[in-house]
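Here chain A shows up in two complexes: once beside chain B, once beside chain C.
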Partner chain A sequence: MNSTPPPSPTPNADPRADDNQQDSASAGRRPIDIVNAGLKRRYAAEKRFRFMGATAVALGLTFVALLFFNIISNGYTAFQQTYVQLPVYFDPEVIDPDGLIQAGDLNADEINKELIRVNFLKLARDALRERFPEVKGRSAKRKLYGLLSPGVPQQLREMVAHHPELIGERRETWLIADDDVDMFMKGRSTPVKRIDTSGSATIVTVPSSDDTLQIISSGADFNVVFERMRTATPTDKTTADGTTLDSDMPSYLIAINHGLVKVESITAHDITGQVLLPLKNQDPATPRSWELLELSNPQSARRLKDQELAWVLSLKDAGALKKRFNTLFFTQGSSREPELAGIGGAFMGSLFTLTLTLLFSFPIAVGTAIYLEEFAPKNRWTDLIEININNLAAVPSIVFGLLGLAVFINFFGVPRSTPLVAAMVLTLMTLPTIIIASRAALKSVPPSIREAALGVGASPLQTQFHHVLPLAMPGMLTGTIIGMAQALGETAPLLMIGMIAFIVDIPGGFTDPSTVLPVQIFLWADSPERGFVERTSAAIMVLLTFLIMMNLLAVLLRRRFERRW
Partner chain B sequence: MTLPLLLLLILVAMALAYQLVRKQAIKNVGGVSGIKQLHSLPAYYGYYAALWVGIPALLILLVWFGLHDRIITALMIEQMPASLTAEQSSGQVSLIINDIKNLATGNITSGRITEDIQATADHYARLRDIAQMTLWGLIMAATLAGMSLAWRRAKPEFRARNRVENTVLVVMVVFSSIAIITTLGIVLSVLFESILFFQEIPWTQFFFGTEWSPQIALRSDQVGASGAFGTIPLFTGTLLISAIAMLVAVPIGLLSAIYLSEYAAPAVRGIAKPVLEVLAGIPTVVYGFFAALTVAPYIRELGDSLGLHVASESALAAGLVMGIMIIPFVSSLSDDVINAVPQSMRDGSHALGATQSETIRRVIFPAALPGIVGGILLAVSRAIGETMIVVMAAGMAANLTANPLDSVTTVTVQIVTLLTGDQEFDSAKTLAAFALGLTLFVVTLILNIIALHIVRKYREQYE
Partner chain C sequence: MSHNRPMTMPSAVSKTLLEHADTNPGSPAVNFQAEAPPTDAPPIDAPRERPMTTIAATAVQPDVIPRADTKTATDSSRAFSSTLGDISCLNPRMQCRDVDVWYADKQAIKNISLDIGRNEVVSMIGPSGCGKSTFLRCLNRMNDSIPSARVSGSIKIDGQEILDKHVDVVPLRARVGMVFQKPNPFPKSIYENIAYGPRIHGLTNHRTELDELVETSLRKAGLWEEVKDRLDQPGTGLSGGQQQRLCIARTIAVSPEVILMDEPCSALDPIATAKVEELIDELRTNYSIAIVTHSMQQAARVSQRTAYFHLGDLIEVGTTEQIFNQPQHRLTEDYITGRFG
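Then we have the complex of A and B:
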């Protein structure tokens, strides 16, 4: 071949190349000396090359590890959702003013109809106000209501629909928390550092305002914080005596006498601050009975501001905030609210689409493979078919989307964004994969099987369907599963045929508008909310789990049924 | 609702036909004892009947679903009171038609329901009912006719097996033509729209223009009212990102293929190879998410700390991640090619005293080069056509630049953007997507043909 042999050792090689061999050169240089002279360099080159190869493999493996680590570390928290426990009073005046449901003569449908007009939001808000009676004013109340998810009324409605006996009762109920609260509970908003105190604190009311307090510590507690602030984040309001905090600095809260005070200005021994949660009393506090909380992420960089955080912290300390397994994520359709968004709809869409794709592509691919491999005469037409199949396997997937849009939707009028049209496009995309695998499987069946079948009088088709096909089936199924895995992960062509629409309902059939898992991932990845990042990653984890399972199945099938002839 | 029911009906009819005609065939020769007088096995008479029942019915169903809506709508429009359509633009008329259809099927309508509309809706509903009944009748008739035909032919001398097998063969030929039909469909669908596009925009502007801004304003006084369709920035952007991807994928893919096939212990190979191939099975949308959420911010921060300005949607991030995606593609193709080099060449080189790396670099690599080039060309075609990574991680701005830290856009990104936003068919903006699609298809097709040709030539060399 066109190979070049390694530099051949010749006696009249350039003497300048091996100066270190001067001593032995006097006796006449043997070829082996010249080889030996270059050996060190050649071995070093060998080592370098080997190292490069190993590095490349290591890099590739690192990428795999990095990808999986990144997605799992972002996504595992989405399998839990934070709930808030609140005393909800199922007020009969609000839910059932006419007493129809309580009378017990209504069936489930009629109850649902009654409940649709009920203002469950009011019940949830009443419960919140009962928990934090000190909150006054419209904007403060609105912030307080923001702790609960907009999905809470629906949650309460379903509770009452299933248990009408709740009406009239007051019950501690776990309600879905807003995604901002959820993010805080999962440590993705700000860390809360508790700093112990060494001095005793005296509380002084500030006469000009009723929600401002001055707290004086006998220890060096405030000095530590103040010194750090003076050196690390000085502003133009920082003097040698004290400084005012703004929203671009970390926040400091003081937990004292079951209340919370937010530090607004600080000196070496005292602070002045706004009361976020009312104090039980204004008695002096002994060292360690009060503490300093540091929220190191500045308020301006958080969606949950200090006041809301104070409520959350108080709920958390009371054990009224809990993370539970997130069933909503698996049962719900998509939503604009991260805490209510689930992959249920996309999962059903993927299921419908894949079922149809399998039904369309498997018979077509097997038929094609048998015809081309076993029956087709060698002529121009079959050559053309083969070239086409090989090329289609390498056509960019988005082009299939264009085909689907122009031909299936605009020409044949197949309904847009349905599993039906998605399956048609994906069938065309996966056909080459399955055909190529099926042909390989048919090829691996030895001719003796065919000859034996033909010899005992089977017709050519009987030979294929009764003898060759059963032996080739494991290989064909393996190819089909790999093709289906491809179809499950495909996104680009589906964007073209309208699967990108925002669909909340869970599809119930092949012609319902729906979306599929990868497209859902794409849509969520575009959403700015922090809560969607973890949900996107979690959806990816679900998708990858299915893909890995399908590929494992293919590998097992191959191992189990692979036959060497 | 009717479709699954109809399909079920056809399936049941097929099963019934199979059983009945099979039994009839046996009965015609006087029971099981006379079975050898039949030309074919009894089951073939059954299959024959099932085919005669199923195929015509399915064809009727197919034609029906292609046409019935158009026919009914046309009939309805004919009967529509003139007051509804008089002095209305075609858009308003189609709105009214939609309303009528929605009313008839019990959906929410957009406009006020007048008496005329209600009457037409009733008419439409009646037409639909008639159509539905006709369909059922037709399918029933077709199944019965098929069954009776097969019934009469269930004679001993009838060559049922040959008929069935011929039909199956025809079906297989039809199936295998789907590959050609698909290619034809792709070419025709993008070609027609592209021709419409090039009637509006000269092809010189499309291929040689340096400005891309496909927004066509609704009002003439709007900013950027005239669309510019110069695709040079898109092609350079595509090439830039593909080049970065290949710079990542080719060295890593090639070297790891060499290492795994020539150096690695079987145990290492047994683990590393499948793990690397996991990269090939990961959906591209996952790579896109990874690129947009992790890699791009990281590169930006890195650039900031070095004092470089990095766009938040830099070509580098998209290219890097695309490179990672292509690694297994390059490595598995190279692996095939390297393994195809005959062992005798390795042995010969070693016998001359070459080290392993010298053998690889000077014997195996030159011998495998055509195959490797073919594989790389396939990978390039893949990179050019890749969509999700660039849609999620590359920008929308059509900058004409070679700076990998800048934001560029690609052909595929523009196709997706043009076709997923608000669109109207036949506007130059929408048609431009098809022109881009045609260009993409042709370019990747040429690359694929060359690559497949090279690879095939190379394989033949050693077979």
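Then we have the complex of A and C:
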């Protein structure tokens, strides 16, 4: 390669360059021109930085929005619960065979005691059987009873306890539906597609079986289904004329004459099927008075089978199935049944735990911060303590749980899985956060205030508590709230001290076994029932609301303290 | 006064000095300023034959001090051997003797002895970093809050030693109040600013008494007419001059005997300064006042006696008139005439 640079026509190279060029060359060395030359680069850098900042903010907001959208869309349905309306007969023979309650001599406690033994399940089942008298056989009945939540007896017991006058009456009562019914009502089980019909239907009984019917349509109503079967899911039972449906295929029901028939085999013009709900009569149906229902989720992939769905659909059509605001979710403790599981126990547990944590950690942390910052001699020991406090803030939280287990529970004998021991562990965890924030707040108080106070003869303690502390308080509160928010969301250390236990009761005090919101979320997220999916998201919403409220409170408090001056 | 008592000499130079000072082995504070700041001042005849005060007469003469050959006669006249002038006064409130202050390994002030009389204003002047504020802060032990500061020597208020470890600084600071360079009112109401001191000391029994005390303090500070309608408003909302007078009122409210002022007007405009100076002059009738100032005019206006500090040494003390009109030491003269500092 030729290393010699090509001759460049610089002004300096040519001594005979004209005056203008020489002027501009010398002018180019003026400081302002150097500045101007660099300006473009500087502006570009600034623009780039602004763009990157805006992008980062937008990205962050997008993810937050996604998170909220996901949680809310999953969880909002949990705030509603399906109830079944059934005519319950509060049979005095079952509830009050001796007439003690009806005599009216008992107080509330005694009534409760009496009602403990009563078989309210029987009342609910009687009501169901009354609604569906055609159901026969043990297994069919058991399926029917499954539409109601196992919490129904308790619900009825409480109703009777509050209103003893109900005994002997027949009431249309809204009872808690099972979570499978609830899921179906919220559209999480299977979509139901209604296909209109064009032909009139003739019903023919099949002599070999009681509950099998053949329905012949004058139109090509079944052809749609049949074609779909033949092309989409051909089985060895599919012929050119017809096919038999099994449980891995979508289910088809025919709603005709107030009954439901499940399609079992199909040809272009007729179907044979099992009666799920008895028909009122077997008259031929005019076009559009009967319809074809498609349950696109195959029966094998559903918790509610076709028979149960038939009952549910019939209840729904009768207006006896409704979603109402889910008060249980806020008032109940946890449960194995999603429809009975509530956040109330965890909420109270969190409240008790946080209250104690605040009571423990704030005074200790502020005291430590004041002592270290204002009173302690500055020597190697205090340096060491300071370094260790900073290091504590970085210790994995599960280590604090282990420490709580070893020291508080095993050594000091603090009762396990109580808000008390949880608060002690969380106090250890939040202390460094609050101490560091409080020290920073104390440092930021101008020394002139201290001098002023000392100058009029205030003692060091008076100086701190009358002048420095009020000024540092907003910063300290901010640190405390950050620490509290951390404590509210903490799961790992609490797992070690028994907060993961399945606790149904709502804690009434600091030494009652309880759980807390994040642990409850963790437990529910682990549960296989579909009903817990929405409840997990709903519990996250409650937790986030709790957090946002706390932060709002902190902002308000800080404003109040700051607005004074 | 007690200026002639024996004392320890910190450096080898001082030891040499002692050998030369044959007439008086127990020589007073002698701190040779080996490196007086070089100045561009034209050489003037060294005023060696200046009439000496009794204290100065016992001091070692600059010319017997061994020094490098390069030093000129002019330098010798700027060398410091001992405080010139009369450090004592007739009716002292506070008596400071041989006060040393060390910040860690650095000696901030060296062997300062000075009296603060009753009903007089003593001003302390000198270039920045000369230790006048440090000395002032010793007088009510504000240096205690600086961990590295060490104070030795003797400071007495009405004959009572205050530098002793066991002296309680709370009552001391009630007797020796302080006004700081920057106005530093508490971020509380004007009323609370004044009432705070009396309240923590338990000076008043009733609310009415406290109200009266607040009013008299504000009146003495000349602030009452300006703030009487807004006593419940924050003190930080006042103007700079008002804030400084509020701080003075706050100091007066605990009825101190001595008021220390650390450049009280450095953050104020001339009008506010004039008001504060007027106030200082009025306060003199009841209090002893020690004021540190950078303004020589201010020192001349408000003070009866003036002390000139230079690099940790108290160079010269005298009546304000004498210091400004006939300074004895070259350093004082240079500073007052504006040659440096």
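The definition used in the following text is that the second predicted complex is superposed on the first by the 490 of 565 C-alpha atoms of A that agree within 3 Å, B and C clash if a C-alpha of one lies under 4 Å from a C-alpha of the other, contacts with A are read in each partner's own complex, and residues count from 1 in each chain.
Heads up, the rule we're going with is that a contact is a pair of C-beta atoms (placed from the backbone, for glycine too) under 8 Å apart; a residue touches a chain by one contact, two chains touch by 3 or more.
The structure displayed is predicted, hence computed values, not measured ones.
Asks: Have a look at where A:Ala452 lands relative to chain B and chain C in the superposition and call it first, second, both or neither.
Replies: After superposing on A, A:Ala452 lies in contact with chain C but is clear of chain B.
Asks: In the superposed arrangement, which partner chain does A:Asn107 touch: chain B (first), chain C (second), both, or neither?
Replies: In the superposed model, A:Asn107 contacts neither chain B nor chain C.
Asks: Figure out whether A:Phe375 sits in contact with chain B (first) or chain C (second), or with both, or with neither.
Replies: A:Phe375 sits against chain B, while chain C stays out of touch.
Asks: With the two complexes superposed on chain A, say which partner A:Pro396 touches: chain B (first), chain C (second), both, or neither.
Replies: A:Pro396: touches chain B, not chain C.
Asks: Do any residues of chain A touch both chain B and chain C, and if so, which are they?
Replies: In the superposed arrangement, which is not itself an observed complex, chain A uses residues 459 for both chain B and chain C.
Asks: In the complex formed with chain B, which residues of chain A make contact?
Replies: Residues 1-6, 35, 42-43, 45-46, 48-50, 52-57, 59-61, 63-64, 67, 70-71, 74, 363-364, 367-368, 370-372, 375-376, 384-385, 388-392, 394-403, 405-407, 410, 412-413, 428, 431-432, 435, 459-461, 485, 488-492, 495-496, 500, 518-519, 521-522, 525-526, 533, 536-537, 540, 543-544, 547-548, 551.
Asks: Which part of chain B faces chain A closely enough to touch in the complex?
Replies: 66, 69, 161, 165, 168-169, 171-173, 175-180, 182-183, 185-186, 189-190, 192-193, 251-256, 258-260, 262-264, 272, 275-276, 278-279, 281-290, 292-294, 324, 327-328, 331, 345, 349, 352-358, 360-363, 366-367, 378, 381-382, 384-388, 391-392, 412, 415-416, 419-420, 425, 433-434, 437, 440-441, 444-445, 448-449, 452
Asks: Provide the residue numbers of chain C that touch chain A in the complex, in ascending order.
Replies: 140, 142, 145, 147, 170-174, 177-180, 182, 184-188, 196-197, 200-201, 234, 236, 247, 250-251, 253-254
Asks: Over in the complex, which chain A residues touch chain C? Could you list them?
Replies: 377-378, 446, 448-459, 462, 466-467, 470-471, 564-565
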